[in-house]
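The chains carry the letters A, B and C, assigned in the order they are written, with residues numbered from 1 in each.
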Amino acid sequence: MSCKHLIDLNDFAVEDWKSIVSLAVKIRQSPADYQESCRGKLLATLFYEPSTRTRMSFQAAMLRLGGQVIGFDNPQNTSISKGESVKDTIRIVSGYVDLIAARSPLEGFARAASLYAGCPVINAGDGGHLHPTQTLTDLVTLQEEKGRLDHLVVGLCGDLKNGRTVHSLIKALGQFAGNRFILISTKELTLPDYLKHYITARGGQFEEIPRLEDAMPALDVLYMTRIQRERFNSPEEYARQKNIYVLDDKKMKLARPSLRVLHPLPRVDEIDLKVDNDPRAIYFDQAVYGMYARMSLILHLLNNPHPKEVPLGREYPGVRCANPNCIAGREPYLPQTFHKTESDLIACDYCDEQVYLGEEGK
Amino acid sequence: MSCKHLIDLNDFAVEDWKSIVSLAVKIRQSPADYQESCRGKLLATLFYEPSTRTRMSFQAAMLRLGGQVIGFDNPQNTSISKGESVKDTIRIVSGYVDLIAARSPLEGFARAASLYAGCPVINAGDGGHLHPTQTLTDLVTLQEEKGRLDHLVVGLCGDLKNGRTVHSLIKALGQFAGNRFILISTKELTLPDYLKHYITARGGQFEEIPRLEDAMPALDVLYMTRIQRERFNSPEEYARQKNIYVLDDKKMKLARPSLRVLHPLPRVDEIDLKVDNDPRAIYFDQAVYGMYARMSLILHLLNNPHPKEVPLGREYPGVRCANPNCIAGREPYLPQTFHKTESDLIACDYCDEQVYLGEEGK
Amino acid sequence: MSCKHLIDLNDFAVEDWKSIVSLAVKIRQSPADYQESCRGKLLATLFYEPSTRTRMSFQAAMLRLGGQVIGFDNPQNTSISKGESVKDTIRIVSGYVDLIAARSPLEGFARAASLYAGCPVINAGDGGHLHPTQTLTDLVTLQEEKGRLDHLVVGLCGDLKNGRTVHSLIKALGQFAGNRFILISTKELTLPDYLKHYITARGGQFEEIPRLEDAMPALDVLYMTRIQRERFNSPEEYARQKNIYVLDDKKMKLARPSLRVLHPLPRVDEIDLKVDNDPRAIYFDQAVYGMYARMSLILHLLNNPHPKEVPLGREYPGVRCANPNCIAGREPYLPQTFHKTESDLIACDYCDEQVYLGEEGK
């Protein structure tokens, strides 16, 4: 692994991703071979906001490797929430355990935690920022179900503007050759430009198709996500458009037999329940692949021969991250550092929010 | 086992019950022999309402078999409660684990869960409907303490009209020869007629004795339960009658040395604390037997050679269950099916509430 | 061990303390040797108030010994809180497990629990009364970091009047020869007289030095604690005095290279964050030593060759403990007994609150 922690999938090399995916496939084939791999090891699941499904997936992963789990999932009721700094909590807990999986509503939380942890830290979701084990889950699912991560026609449907999982998946699949993205959303919820550039800069292709129905025939993979009602311009527009983005049996009829439908779950009503019976609907299997993805990740991090910290960028005098949901604004002892982006701007090391410096600031 | 899941004790054959009771006795005699029986297996305790005692009993049971446990006990604070269907939750969780124990305030919850689970489901209590592992606990207790499940004189004291555990125990013991039930309650809280018929139809006997004192001398077993204050017609009547149904040392003096006093716990004030010191009071041992009962049940379900689903009944066009606390009314995708009762009526497959069809409906 | 339970460190002989400390050191040196020591054993962590750090420390300790853990940490949401007596809860739970660690806001809770438990009980904190595993943690820390528990110059800084951990540590270190205590606090928050007598009665020495700065040069050990803002006479006095009791780099410069700084954690602002980088600041290591202290304690209690109950004192007709936070006032079935103190008064067996009997009461 190129890094001690998994905060952002991009901290790892693509070779690392492949290695994680490939071990996940192996574990699923013969789980009994790995049943004692983590005997004597302890994982802490520190969940500063409830996320029962993700937490259970991590717990099941560690326990199925023969390890053990401690943690909390309800910090409102715990002493942890009462004023102790993240630094102190993490230093103490990392003295008890071998590995931490941290989830928080604050963006950059896991990065901040990794600065003080004596053990590897996994980002189990930091606000709307990153959720790298979901993306690993998606990669394992594609490898298992399609046999490859390249040369796929991938439909992405829903709120492409704000969807964290969609952005991460594009960044990941964009690293593999020959992938073509079909972007299916309302005009208001299209993919941000920087991600379109990201795709084409790496030789990938994309196409925007506003109606799911029209996109179906071409797809190898359909990644469904939810469009929240509030994202539409008006209730009338919601009423008019919502069915365009709901997957049902009728639309499934237009697709290839080899299509696979993914969804990060939970779903609300963007997939009709009848679709569950279609063998091409694999979102429940995807959740199980997620457990194997996490088992593989845990093994990689616990057996990392060259654990390296992610280097922080540098401070810019007087400049602080303006994101109100960023950990940097909440924990004053954190070094407020920034890194350069692809477009030569600077972005917060914790939450990746960009800062526009005036001329003198550069 | 005649069934993959334990939703209702009656889904199992009486032979199955005997097998579970007999293995529970064996495990208690030599727990070390079973200490590794579930190595590598995972139980999920999904508790949609808190029930600390039952949850700890299941957890202790699984851990003492060498297995592991994940789950939640506080869904108000979890994402699970926020709109995800039972179907989706159960499909995901049953991908992580080998066995589910589910508790819910909704009647029929466990049956609904079993329709979508890829693994066996145990009903750990569904509202006021069923609590089959309590009844297994009671059977193991009687086997251990009385050496048999038949030819017992069993006093049942308290709210016999509404008491879920009392009804289940009668249904269970009614299957064994020669049991005689002494029913001890106020006039308003007598056993429902259908259970009296149930007893006599199987060759059992019952007798109604309104005062606990008068019943004591004849009993092999006394099963105490609570009468809630609200169940009395008036505060005056409560004040007048309550002591009749409180077990104390004075009443214990009237009973045989071989009497055994059971209680499903928690008790409030229906058993005087001084009775705890009487060796015939075995309700705390009963709780421990419950752990062994659950250990045995877990082993039976995980090693079930012929797991069969409980068949659903059929739909009746336009007919829906009227029980506001039934899962069928909350989760619209559930098939609303009904089965025939002994008295040739139809009853909801989830909560067993009877429906009275008009002539045309039949 | 001189006692079956650990309620109050003074229930154990000093030889027992030494044995616990010495095994803790051994386990830390070769944890793998103890990885299976508790295989098949079950610990219940019954936390009637949240204390995430202590709970995780107990859980990590038991899991690292190969044992398992059940329990609760949030009783407001559990059925346990709804009216069941401590007696009943403890009798049931001790039927499931081999060991109980109990925490409660009520003073004397663990003692009360121990009266009904079929297994050893560890006091994991009972209100402002006792927290013996914190003191064991402190002793292990001193043994590891200073190589001895005697002939130490120990500075104690903060609220010495009300600080539970400070009082316990003095009682413990007072048993070892040649310890000298430097008491650093405001005039209002000095150590209670009975503890000063305790020190000198055992041949120890103490000195009161009002400014931390002045005390620094002489210290082998500095035990920092928090002074709550409310403890000062006025906001003005708080503003004037608070920095005197804040440890910072400047004050650290005055101390010996061999100084060790301890803190029971969580800290608020009584230690400047920059001090964390000083190798003499070992409060985070102290938390880890706490895990080893608990591992050692667990092994001692589970392998206790002569488990003895702590004897209760006697009842005094008409006399009840007046402490409103004492368990004795909440659970009416508890025997209200008292023991003689060193100064020949009587004190409640649960919370140690002294009772002043009139002449006729003696």
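We adopt the following convention: a residue touches a chain if its C-beta (ideal position, glycine included) is under 8 Å from a C-beta of that chain, and two chains touch if they have at least 3 such contacts.
Worth saying up front: this structure is predicted, and the values here are computed from it rather than measured.
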- Message: If I superpose the C-alpha trace of subunit A onto subunit B, what rotation angle comes out, expressed in steps of 5 degrees from 0 to 180?
- Response: 120
- Is the contact between copies subunit B and subunit C built from the same residues on both sides or from different ones, judged by whether over half of the numbers are shared? different
- Note on the structure: Whole-Å distance, C-alpha centre of subunit B to that of subunit C, is 43
- Note on the structure: Residues of subunit B that touch at least two other chains are 74
- Item | Footprint of subunit B on subunit A - complex, ascending | 32, 35, 50-53, 56-57, 59-60, 63-64, 73-74, 76, 265-268, 273, 284-285, 287-288, 291
- Within the complex, which stretch of subunit A touches subunit C? 39-40, 42, 44, 68, 70-72, 74-75, 77-80, 82-84, 87-88, 91-93, 95-97, 333
